[in-house]
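Each of the two complexes below includes subunit A, the first together with subunit B, the second together with subunit C.
What follows is the complex of A and B.
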């Protein structure tokens, strides 16, 4: 075990780590926002009784839930190149994350929507509310509270899996890590710093989510 | 000179062999990960605060960092640290097993905490040692809570094992890339690979849904399950 840790070699590159972290965060946040939006629509599509809406949405959700994110990114980035369609790597990463996230959040939202009891729907119908009014005033507020813990987990998962985008050369944190490892050859210190940065963000997200959840309790 | 860009049937056979290796790797990693995860999960519920804190740090570290970073750490970091060369297979196995152990530890912990405290008190009243109580009373009941999410995690592990292609281990994703390097048909190959992953994971998730949802307590099995659980310790 003749390895001497020399963090002094890494400190000039710390700004690069932070730049990579910034891109990771941007990819994850954009992916989460748009993905949740698609997921919400897909959840309503899944709970719908109209077969024409139900079937394609189910196919989309099952396909993107049961295949790895890496393959989805490769398919969009390398696969479309077979047809001479070249999409820049950052865009591909964001699109793949949005589609993947959409499928997972669809299931999360579906669980939340189904958790609101049927009596609420019947009561709203008795009061003369339309379907959209029921969704907006009755279902969504109650589903929102149920849905927040799994959504936080999903966001953490997206943030951690944004590292996969490094395989298609998006300069986010993991890609920067690999580059710096090739430059400085100090693999242990580099990975410790990268891991610590990921850990800090993950812990911060869980902590903030718990604080937000506790603000609902009275 | 003509470039040979046709995908032959034996290319698909090569890719299917990669699928078999993926499943083999995932099963092995799950096996080792379950054993380690069981130990760490039990440590998590321990009253000794050293064990508790150690396992809490362990699971937080591994669950809070990306799998890719962990795989790289094992592949590039460990040989430098220990001075020995590790093959890609061992790296993949160790990395995935450690990753699974952290997630499974959380699942095991929630399973153990789901067992009614009265069972443990009754076991103590009957004079069982801690090991006997764990093996005959707590574990069977905890397993009912642990198995559904653990199986779900196994499905997720099969998908996450695609990442070991990055460190050069030849499994499903990597074998696809090798065929693409010769045939220049990435869309067809990656679509086929996605289809294979989809079939494997979809079938497993259907099995999981059918098996674990028919075992859920409903009105008819309530009495029967009650009798089964109370026969353990009366």
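What follows is the complex of A and C.
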């Protein structure tokens, strides 16, 4: 009474896995890039002493950090459709990932910026640098070094969470995997392959990040 | 690597702690072997014996597929399949544990022994029959198209070309639509409820599902209408795991009796407004 594994039944579909992986990578990279940009701006917004900037940014960050990505995607996709606002699935996935990522990276950047010691600001002031010059030449380079590990984590997290987009039928890796499972009924083989593909990419990301970190260790 | 001579000697000679550890390890291994053989021995019981011994049959049903299986306002399961499942429990004289499964997970839940039988509007296609076993049929059904009442473009499945259709993964629509209408834009969602929401929120132009479910929806809600005739009609049977001949025999006998006694027709007329399609093959 055994279950024979038949990977041979899956091999014709391997191209589909790779196509799905390509879409997963694209939406994760776009989400990460634009999300980090928003996150950086939001980090400055959060630390600002101007109430009009501070409050909305904080509300945005709290909402998108503290609710599940799935709910965010469903709200944008099905929820808005009730008010006759139709957004295509791929766009919804990317927007949701960007907003979600923006909230998380805002906190990461905020920590990084605060970690640069006050003495650096005082020294820059003493040298006669303006606020923006301080930020650009002193604070950001140091903060950047600090935030690389958490940002890597965040990128891996975004990549893995892109699988949530499968529920709104974006043709990424998990969506393709579920469809192939329904066609071939070979659950174990299919999911092992999908899991391995995710693992390969995340391992590559961690490795590259570590190489990059080491390149500017003093 | 330097070798710690003192430690090495101690290891080779052995001391009281070593003996105690060894004893504990042997005990753990024996416990594991015992549990595994007990588990293996328990596997030897077939499903019918297990169901009777545990006084419980786990039936996989659909929970978002009125009128086959759905939750009523009080949160309880109701429907044609639910009535048949409860009748099965009476026949076996055991409790019925209704387990909601997603359309795509019906076959998988049998293979992985999460349920004992699937009574969830399951069509005994030749493809599925390679992985699980099916009983004799207890109903029949064909795929039907539901559109908004003011829709003029779609009159039959041929008109689905170029349209977006959201279907649930793992159902007969998933199996037949891609070959019948290759130019249709088919979007696969995780659950039947999602595909219905997608249709009602105009993400898809039509809903394609089994006729009895579609007629039920249209009767309930006049915003929608049915177009065309049912196509790709098929039977509906119970699904069971492979290598369970005794269980399969029992269920076939149960269904034969249910049909002969007329009870199945009673259930049918309670839930479906039209006459049962003949299940005779000739």
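Throughout what follows, the second predicted complex is superposed on the first by the 216 of 218 C-alpha atoms of A that agree within 3 Å, B and C clash if a C-alpha of one lies under 4 Å from a C-alpha of the other, contacts with A are read in each partner's own complex, and residues count from 1 in each chain.
Rule of thumb we're sticking to: a contact is a pair of C-beta atoms (placed from the backbone, for glycine too) under 8 Å apart; a residue touches a chain by one contact, two chains touch by 3 or more.
Bear in mind the structure is a predicted one, so any value in this text is a computation, not a measurement.
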item	value
Partner chain in contact with A:191 - subunit B first, subunit C second, else both or neither	first
Subunit B versus subunit C as contact partner of A:209, first or second or both or neither	neither
First (subunit B), second (subunit C), both or neither touched by A:54	neither
Subunit B versus subunit C as contact partner of A:178, first or second or both or neither	both
Partner chain in contact with A:152 - subunit B first, subunit C second, else both or neither	neither
If touched residues of subunit A are counted for subunit B and for subunit C, the larger one	B
Partner chain(s) touched by A:67 [first = subunit B, second = subunit C, both, neither]	first
Contacts of A:167 with subunit B and subunit C, given as first, second, both or neither	both
Touched partner set for A:81, first subunit B, second subunit C, both or neither	both
Common interface positions of subunit A, toward subunit B and toward subunit C	1, 3, 78, 81-82, 166-167, 178, 181, 187
Contact footprint of subunit B on subunit A as seen in their complex	1-3, 62-63, 65-72, 74-75, 78-83, 156, 160-164, 166-167, 174, 177-178, 181, 187-188, 191, 194-195, 198-199, 202-203
In the complex, subunit A residues that touch subunit C	1, 3, 77-78, 81-82, 84, 86, 89, 166-169, 175, 178-179, 181-182, 185, 187
Partner subunit A, residues of subunit C touching it in the complex	43, 104, 107-108, 111-112, 128, 131, 166, 169-170, 174, 187-190, 194, 197-198, 201-203, 243
Footprint of subunit A on subunit B - complex, ascending	60-61, 63-69, 72-73, 76-77, 80-83, 155, 159-160, 162-163, 165-166, 173, 180, 184-188, 190-191, 193-194, 197-198, 201-202, 205
